[in-house]
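Questions regarding the structure given below will be posed in turn.
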Amino acid sequence: MYELTVRDHVMIAHSLPDEFFGPAAGLHGATFVVEVTWSRPDLDEHGVVIDIGAASARLKEILADLDYRNLDEHPAFTGRFSTTEVVAGHIGDRLRASMDLTGFAALSVRLREHPDAWATYRVEL
Amino acid sequence: MYELTVRDHVMIAHSLPDEFFGPAAGLHGATFVVEVTWSRPDLDEHGVVIDIGAASARLKEILADLDYRNLDEHPAFTGRFSTTEVVAGHIGDRLRASMDLTGFAALSVRLREHPDAWATYRVEL
Amino acid sequence: MYELTVRDHVMIAHSLPDEFFGPAAGLHGATFVVEVTWSRPDLDEHGVVIDIGAASARLKEILADLDYRNLDEHPAFTGRFSTTEVVAGHIGDRLRASMDLTGFAALSVRLREHPDAWATYRVEL
Amino acid sequence: MYELTVRDHVMIAHSLPDEFFGPAAGLHGATFVVEVTWSRPDLDEHGVVIDIGAASARLKEILADLDYRNLDEHPAFTGRFSTTEVVAGHIGDRLRASMDLTGFAALSVRLREHPDAWATYRVEL
Amino acid sequence: MYELTVRDHVMIAHSLPDEFFGPAAGLHGATFVVEVTWSRPDLDEHGVVIDIGAASARLKEILADLDYRNLDEHPAFTGRFSTTEVVAGHIGDRLRASMDLTGFAALSVRLREHPDAWATYRVEL
Amino acid sequence: MYELTVRDHVMIAHSLPDEFFGPAAGLHGATFVVEVTWSRPDLDEHGVVIDIGAASARLKEILADLDYRNLDEHPAFTGRFSTTEVVAGHIGDRLRASMDLTGFAALSVRLREHPDAWATYRVEL
């Protein structure tokens, strides 16, 4: 199995309006460092999982819809909390919808929200 | 699959009294940076794998029993070497014993002992 | 010269409402990783610049006033942009006002806003 | 399951002479930070996956054949592109050929080529 | 004093053809992670040292002349060794020549060549 | 001004037997990641501050006297606390005593004891 990961980041505001989230219930924000991994059982004819330049460009496109935004006003998160896990899942779903993943075995999205906490969404294909 | 990881650290002394361990046989020490990951197939009703604050607090409780200690005198390691792998396993077992993991798919504990070496214990639930 | 640095972080929302800031003009957010450094020409009687525990606790006190906040509504930033540099300066000024720095040579505050950008405020004492 | 990872690096030149690779088609270079992970279902009699010193020495031996080299002139890459994925696979295959992996469950090799991109090769044993 | 740092990277080939450099004498390569810091005694009217977007764009312009290149064939290094220090100095000089640094106190360029070595060039203005 | 930094680490046990140090009073340990920086106003005839290989070898020599040791029994720390600052100063003094620093402007030693705390000793030459 081979994997290729590219990294980028977004800077967002959001709130998690439920007492479950304690101090994170109010409006605050985060730098999400985003690491996306594509997995394939074998390499393609160029000896890669996916071209790094193409992977980075695709990720940046998806992230452009989130970067410098208040997620409380973003339609993707209406009716649900924009937790780190949910945002990771959203990015993963957007990536899957935007590209042909035939031949790939898995896609995963990791979001680091601060040096001591991160979340990952992984889907087998 | 979703995962949530929190990170903390402990500073311990220990020895590995067997010639197998070469220079690490004598009394020395380590900063173990500890990363614990909880895995679930789906998010809970709050859109999380586990609350980051609750996860961090639980980890800190477990680590309090190790932090600033000489592991050679800690009962958990009587009769076995407190290698990085064994300490990772111990932390994982203590976490499992301290919380209800119904609904979770896996738990893993990674210990980084220096920039160029780390060990991981992972248990499927 | 000796220096001691401790690190912590805050998660804030803010806007920078001026076209100068381009996409950062609107409401967004950041995880600021905060590194504070105390400098002294010589060590004290315990062989330290400042006790790490005391330094960390002092920093956490100062940061509690910013963490999980929308800086647009924080009185410290009324009438000025809460840029990374300005927030670093604010934290430095708050630290200076909260402790006796006799015997210290300098204090600096570094804020990392994402993996590829950070700002530092340094004051000679 | 237990894992042990050691890290080292090599500094190589190479080209990827195909328009597919865009600006990387010409002669350039990379620092590859190499992380190798050995997995075992259980620890051995010393309480380790593999001795860190032995693992580091074995990795350094394998890397000595690549370090400070122009991979375009290295026989292992004749007739194929020395992409990050291919070099990871090559290191993994060389490690497997050089040691008895009875009792191990998997071996993986991660190469970080810059802060925002890395590739992994993983083989189940 | 305030400082602002932005980070980027280049991937280059080069040789250091002198026995002084041991194994680095032959053709090899490096990923240079580049951190550039601008210093000012006071912030400008927008509360910044320099706009992060503008700083990043300027750095990328300067680095485009080095990225994916063989420095042995780059005119800037004719007649001298393209050591990490020399490349840092070259980037610093190019930055100084490309922008008005009135009001700034210092400029520094750090190049990380692998996890365990880096070089810095700093010029007071 | 030019600087060159190399990095290595040691794993030590020690105690800080004074109530001032709270939980660190008892026997515990640390991984100290050690970064040593040499500064020179100009580069030498090879275009370097100091050869990276030579610098790394010199640092490793000095650290060999500390690595895998209990600092409570090391003669260098008799009668004083082996705080991070004191160990940094000790390494700096040993480096100065072991090499000719003519032409250098400064030497500094940074010890990272965990991800959130580090100390630096710097001497102007």
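First chain written, first letter: the chains are A, B, C, D, E and F, and each begins at residue 1.
Just so we're on the same page, contacts are C-beta pairs under 8 Å (C-beta built on N, C-alpha and C of every residue); 3 or more make two chains touch, one makes a residue touch a chain.
Predicted model only: the values in this text are computed from it and were never measured.
Taking the mean of C-alpha positions as each chain's centre, the chain lying farthest from the centre of chain F is A. Note on A-B: across the candidates A-C, D-E or C-F, the interface recurring with over half of the contact pairs conserved by residue number is C-F. Shared numbers divided by all numbers used gives the overlap of an interface; between chain A and chain C this overlap exceeds half, so the copies present the same residues. Relative to chain C, the most remote chain by averaged C-alpha coordinates is D.
Measuring from the averaged C-alpha position of chain A to that of chain F gives a distance of 40 Å. With centres set at the average Cα position, the gap from chain E to chain F is 27 Å. In terms of their C-alpha centroids, the spacing between chain B and chain C amounts to 31 Å.
Shown for chain F are the residues in touch with two or more other chains, namely 7, 115-116.
Remark: chain F residues 18, 20-22, 80-86, 88-89, 115-123 touch chain C in the complex.
Of all the residues in chain F, the ones that touch chain E in their complex are 1-8, 37, 43, 46-49, 51-53, 56.
Those residues of chain D that touch chain E in the shared complex are 7, 9, 11-14, 23-24, 26-31, 33, 67-70, 113-116.
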